[in-house]
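Okay, so subunit A shows up in both of these, paired with subunit B first and subunit C after.
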Partner chain A sequence: MSAATSPIGKNGGGLAETVVAWARRNIWTIGLVGLLVAFLAITKLIQPNYGAPAIQGLAISILPIAFAAVAQAIVVISGGIDLSVGSVMALASVTSAVLMKDQGDLFGVAVVLGVLLLGLTVGAINGGLIVATKVPDIVVTLAMSFVWAGAALLILNTPGGGAAPWLMAIISGPLGSEWLPKALIVLAVIVAVVWLPLRRSTLGLTLYAVGSSPLAAFRSGVAVGPTKIVAYALTGFFAALGGLALTASGGVGAPVPGSYTLQSVAAIVLGGVSLAGGRGGVLGPIIAVIVLALVRTDLTFLGVDPNLSTAIQGAILIGVVMFGSVVAMRKVRA
Partner chain B sequence: MTDTAGSAGTAGAPRSPSLIDGGWRRMIRDRPLIPLVILLVVLVAVLELAKPGTVNGNWAATTIRTAIPLAILAACQTLTMLTGGIDLSVGAVASMAAFLMATQATAQGPVVALVIAFAAAAIAGVVNGVGIGVFKVHPLIMTLGMSLVVLGLMSVYQLVMVQSGILIPDAIQWLGSGISLGFVPNSIVVFVPLGILIVIGLRRSGFGRLLFAVGDNSVAARLAGTRVWQVLLALYILSAMLAAVAGILIAGLLNNATVSLVEQSVLPSVAAAVIGGTSIMGGRGGYSGTIVGALILTILTTLLTVLEMPEAVRQVLFGAIIVAVAAAYTRVTGET
Partner chain C sequence: MNEIEDAPDLLLEATDVAKHYGAVVALRSASLAVRRGEVHALMGANGAGKSTLVKILTGGVRPDRGTILVRGKPFVVHSPAEARRSGVVSVYQEPALIPDLDVRSNLRLTQSPVEATRHWLAELGLPDLDLNDVVRDLPLATLRIIDLARALAIEPDVLLLDEMTAALPANLTELVLEVIGRQHGTDRSVIFISHRMIEIAAVCDRATVLREGQTVGVVDVTAGSEHKIVALMLGDMVRDLPARVADVAASAGRPAEATPRISARNLSFGTKLTDVSFDLYPGEVLGVVALEGQGQDELFDILSGSERPGGGEFLVDGAAVSFRHPADAIRAGLVYVPADRAEALLMQRSVRENIALPFTTSFGAWGPIDVAGERRKVDKAIATLQIDTRAAAEVRRLSGGNQQKVTIARWVAGGVRTMLCFDPTRGIDIGTKQQIYQLLRDLAAAGAAVLLYTSELKEIQLACDRTIVIFHGRVVAEIPVAEADEATLLRAAYDLKPDETMPEDLAAEVVAAEAMDPGAAHDAADAQPAGPQ
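Our next item is the complex of A and B:
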């Protein structure tokens, strides 16, 4: 990079240079925010009635996918990939719905904590298997997606169960201003409380280190295996949150994984997380989820067949990745 | 089975224990067919024990008939995995071919319908190949995205064509579901030449060797003068065409065609290739193991049905077996 010409930027150009350097580092996320604003404007243009209630609906509908995207982002940053995210979400969703049906509030809280623990355990099993068997992550998590989906079906064969009223209330409606949906706040708070301190910690640093080069991390004294297991456990934790969000937004548990795994991979790629590992964050993927949801909304407003919007989503995914790789290739040449 | 390329790829691995107890390990690594066939025989024996009288000529024919489309889909995975890729769009492409064939057959006749189906599959293959070969998109992402595109477009097409209905031509039905002489499935006619072509082609043809070379070390292959993007383009077109063949056979077998007909076979097709000893990291594997892998998965499904396991238990066991088999391979071959 050309920025390397002034490696000591602190006493170089002062504030302006620092800002430029920061912007250069976060160029992808900044671009995404721009895209988000553009799409919000387009949506408002197409549908002048688009206002606070629609934003609230949007926030609730993206919550499960947003958690799935965060889950996927963490594991991909650490150099892996988890194709069982959707199945773990289904498992968490049915477990919570079956246990919470017709129970008290306090029991509901216990269930939520239990399901999060379940997610951690399930993720740790995924990671443990990958580390212990040395089988590629794609194969292990693909196979485990069968296992967890099967387990979900064993618990609940058809959509059913119920959600505790407080769990549904926690994500529906606005807080304070009508433009501030509770679902978005829940997402922001959880990510801020769990991910931000983690990223600042040694553990966060090792996650990125293992993702960018396992060998270099190993030679620097990082315990690569345990770090991977932790990454998968965190992924399981966020997938379980996604499952809880499914239960909370639908009011019932859904045993079929749906296309959440696919959507989570799409979101992280759009969100600037490198599939090679070691690069990206969780903010980009979350914004990407919102952008993708807005694209779907706009297409619906325009009267486009919802099936065609699936195709368009796929095309966007491919297009963005191609764009990213072209940029990367030019950078190598320059 | 992977005579030159396979052993050349692992010979330098320092972790494989040499000479001392390397004999049986090397056998499993270089000839995974032997333990796989043993596993197959054991499964058949268990099936016969579980429900005496199951194993007969007709059973063999229906098993092979079910396994053939899976084996062809698994060929897509085997070939792409040899180069370190994967093709998750086979389900969408195969369903597309089957559905196009079935809807166009009513108005255009079977021959034109088949041409349309294969042409559409080829286009999907070209897009995959260009994305992966030229733009260097990760195969997993490219083919996942492609499956979304194909599925979406076909759903739109389905609404347009809702009037026409579907027709599976008699010849396709005969090919997909017919059984001759009481124990020979007709789809053998398609599969035997195809299978021989792939097995021999991988070992003997230049293209086959290029696949191993690209998968083993694509930089080295490029420096040695291989146009890697051309190899990948040809590979993903081939994969899409094979998927189309499988989709049309499945349409004939089930006498039905929908836009998501083959979707549920995608994960088993990856599983068959993995069980057959092809490494998802590229450079090691072959098609004969994959064929046995497809047979093993088919018989396993029958066995679990005979034992009256619910669908959920079947899924759990499927997943567990894939992990176990893949783990056994990695342990034996000492690869990571």
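Our next item is the complex of A and C:
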């Protein structure tokens, strides 16, 4: 139902047939793209001078939450959930900001790699605890979210530190056309380099298998426990990328996680990832993040009370998901 | 077949295997010796330790004691993946395919060769399966076939088939048995588990019988050996199925003017149920016989209040009723026992709560529960049904037979007026079946009315007073119990006239149909040209 139903190639059938099959499998994502275009049009209508600079600002502002959504999507696809995504982002953000402040470029690169490793480790700890203790994932990651949030505050109790100039530079401004923000390219490149090969690998297959049916996966010979740990580690990795994006976009470390965890869950639900696991991809959630950001922008332009605008976003989220399940039910009956 | 001379005669040899779960002994001392090139049946009543032994062989559970050798090499595995590498591949009762992946990805997950799988798919009647189909969208029977083809493609030393034919239609069952039969005399072996004696007789060379966690015998499967197998399975509990559970013929003298408990008048629903009429009287067990998909599911849904009839009239105690909800049916005294226990029970709750639930809710009060009264009723029901309460804290830990007893007990506890049983003995052992037949007879003797749909034709004469036969959504026959032998019922189920001789191809079907589960001979019924009427 979304960007990632069949990781493996096709067999026979004409080109048209293949395209139709692809469209059918990715119908949710295609619908989301339509929604995105509609909201862009609405935005332009409300604010006639909404243009390239605004798009660039939008791209930078959504970068952290986009990484958070990818992180959440991976773990939910494999049948879990991670409520510590926001805290891990905060931890990664302050760690990078403290270490990078007033240091050279090369050291900055080392810090980035170190922080990504930190994310992997923190995620693996989350997953390891879930697998080893059999305590429900919601409980473990909620508890760990306090641990990681506390750790972030111990490192830096107010926003501070600094970001390496190159780190800030790679996400600000456009590349080539002024309509092509660097932040968006960074996002696309990282997702393409990390997630796409992974999804086409056996590991990717096992992530979907474990989320779809742990018992059938076990019987098919999948090592369920280790696969879950890997899923959480990958989530930690993308959460760390989110934290780095926070540092890069703000120029300082942000020790308070904000509402990224819940926003990431909202984005994956809107993005077509089934909370029951096994279904969805990462493209849908990323588009969902942009749609949700545009909704917020439009409501601000319209001068709607910020509190009311939060409520409206919630209503839109429920409305779209309900619409989606009604359409899905119709299809089953037909 | 006993004269295989080659040195490693035994492909798989398990000796003195034991497994405890806390204080519960699941397997006391099981042994199993499978020869090369044989199809070996593993038999045992529910709770005999069969499923534990299967879990050990598939790497799901580690034994406490005992040795297992495959081709003479120690077989120590901790997961199905390791078991596969050691030469043992299993096909389970439920498909082990990932629902959200396509077939090809599923094959890749188990590293099964695609071409060989395609070959076996073709052999098993699915030559045109599109490997890009997502598993979720495929019918259940197809999934089982894919499971089997995938396992065959791996060419394991030992192929373990655990009740895999349970829900296959008759034509597919035949194909499966035929393919399994081809393993005879090869370098590989099959361990075959099935509740249906007819299948065991058709393909198996020998049978190992388990009882109470122990191997109690190994039987050469020949004509008539099923009696021996049953005797071993039952031990000294019951010798054989009695010809009749109770003297049911005596109850034929029902007063002519009695009001039926249930009267169905021309009930219809959608395309499945076109015109069903019958009367169910207090004090009788009325059988319902039908091949798969003849409208019996819809009929029971209507009677139990899950669906509303599309047309026709439905009377309880002489008054027309219209149920909007199962609660309405229960209030009118119509209680439902489904074949699928998971539909009826709260699997994570205790035996006690499950039994108490219907009558605590029926009082409609949200106030405090009368604990003492509840306990009395529950204890009585547990005693009546002889439920094994060793694992009473969570129903899901009980064996299938005991779970089914709980689904019946929860109605018995509150007092039964009308019980609707939809294939209540599906997949449970003979001992428990006997107890259920006896219970249904006792209920009828106490004045209750029982409607019993069963996929096992034999049960009609064991438990019913008379039976109706449904074909293509209509009642096509009513047969008194004295005449309701299997052949008669089967002809009626195919809507053949009693004196007509069965066509050749159908006579062959009888063999499969006798073994078939919820009347899977559907396809055969469809293919059958309308008999001369």
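By our rule, the second predicted complex is superposed on the first by the 307 of 334 C-alpha atoms of A that agree within 3 Å, B and C clash if a C-alpha of one lies under 4 Å from a C-alpha of the other, contacts with A are read in each partner's own complex, and residues count from 1 in each chain.
The rule we apply is simple: a contact is a pair of C-beta atoms (placed from the backbone, for glycine too) under 8 Å apart; a residue touches a chain by one contact, two chains touch by 3 or more.
Treat the numbers as computed from the prediction; the structure is a model and nothing was measured.
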Subunit B versus subunit C as contact partner of A:S325, first or second or both or neither: first
Subunit B versus subunit C as contact partner of A:S220, first or second or both or neither: second
Subunit A: partner with more touched residues, subunit B or subunit C: B
Touching partner for A:S145 - first (subunit B), second (subunit C), both, neither: first
Contacts of A:G278 with subunit B and subunit C, given as first, second, both or neither: second
Contacts of A:L317 with subunit B and subunit C, given as first, second, both or neither: first
Subunit B versus subunit C as contact partner of A:T202, first or second or both or neither: second
Touching partner for A:L129 - first (subunit B), second (subunit C), both, neither: first
First, second, both or neither for A:S212, with subunit B first and subunit C second: second
Subunit B and subunit C footprints on subunit A, overlapping residues: none
Interface residues, subunit A side, partner subunit C - complex: 5-8, 10-11, 21, 202, 205-206, 208-209, 211-213, 215-223, 278-279
Interface residues, subunit B side, partner subunit A - complex: 86, 131, 135-138, 140-142, 144-153, 155-156, 158-159, 267, 270-271, 274, 280-281, 310-320, 322-323, 326-327, 329-331, 335-336
Residues of subunit A defined as touching subunit B within the complex: 81, 129, 132-136, 138-140, 142-147, 149-154, 157, 262, 265-266, 269, 275, 305, 307-315, 317-318, 321-322, 325-326, 329
Residues of subunit C defined as touching subunit A within the complex: 58, 60, 79-81, 84, 90, 92, 95-102, 104-106, 108-111, 130-132, 134
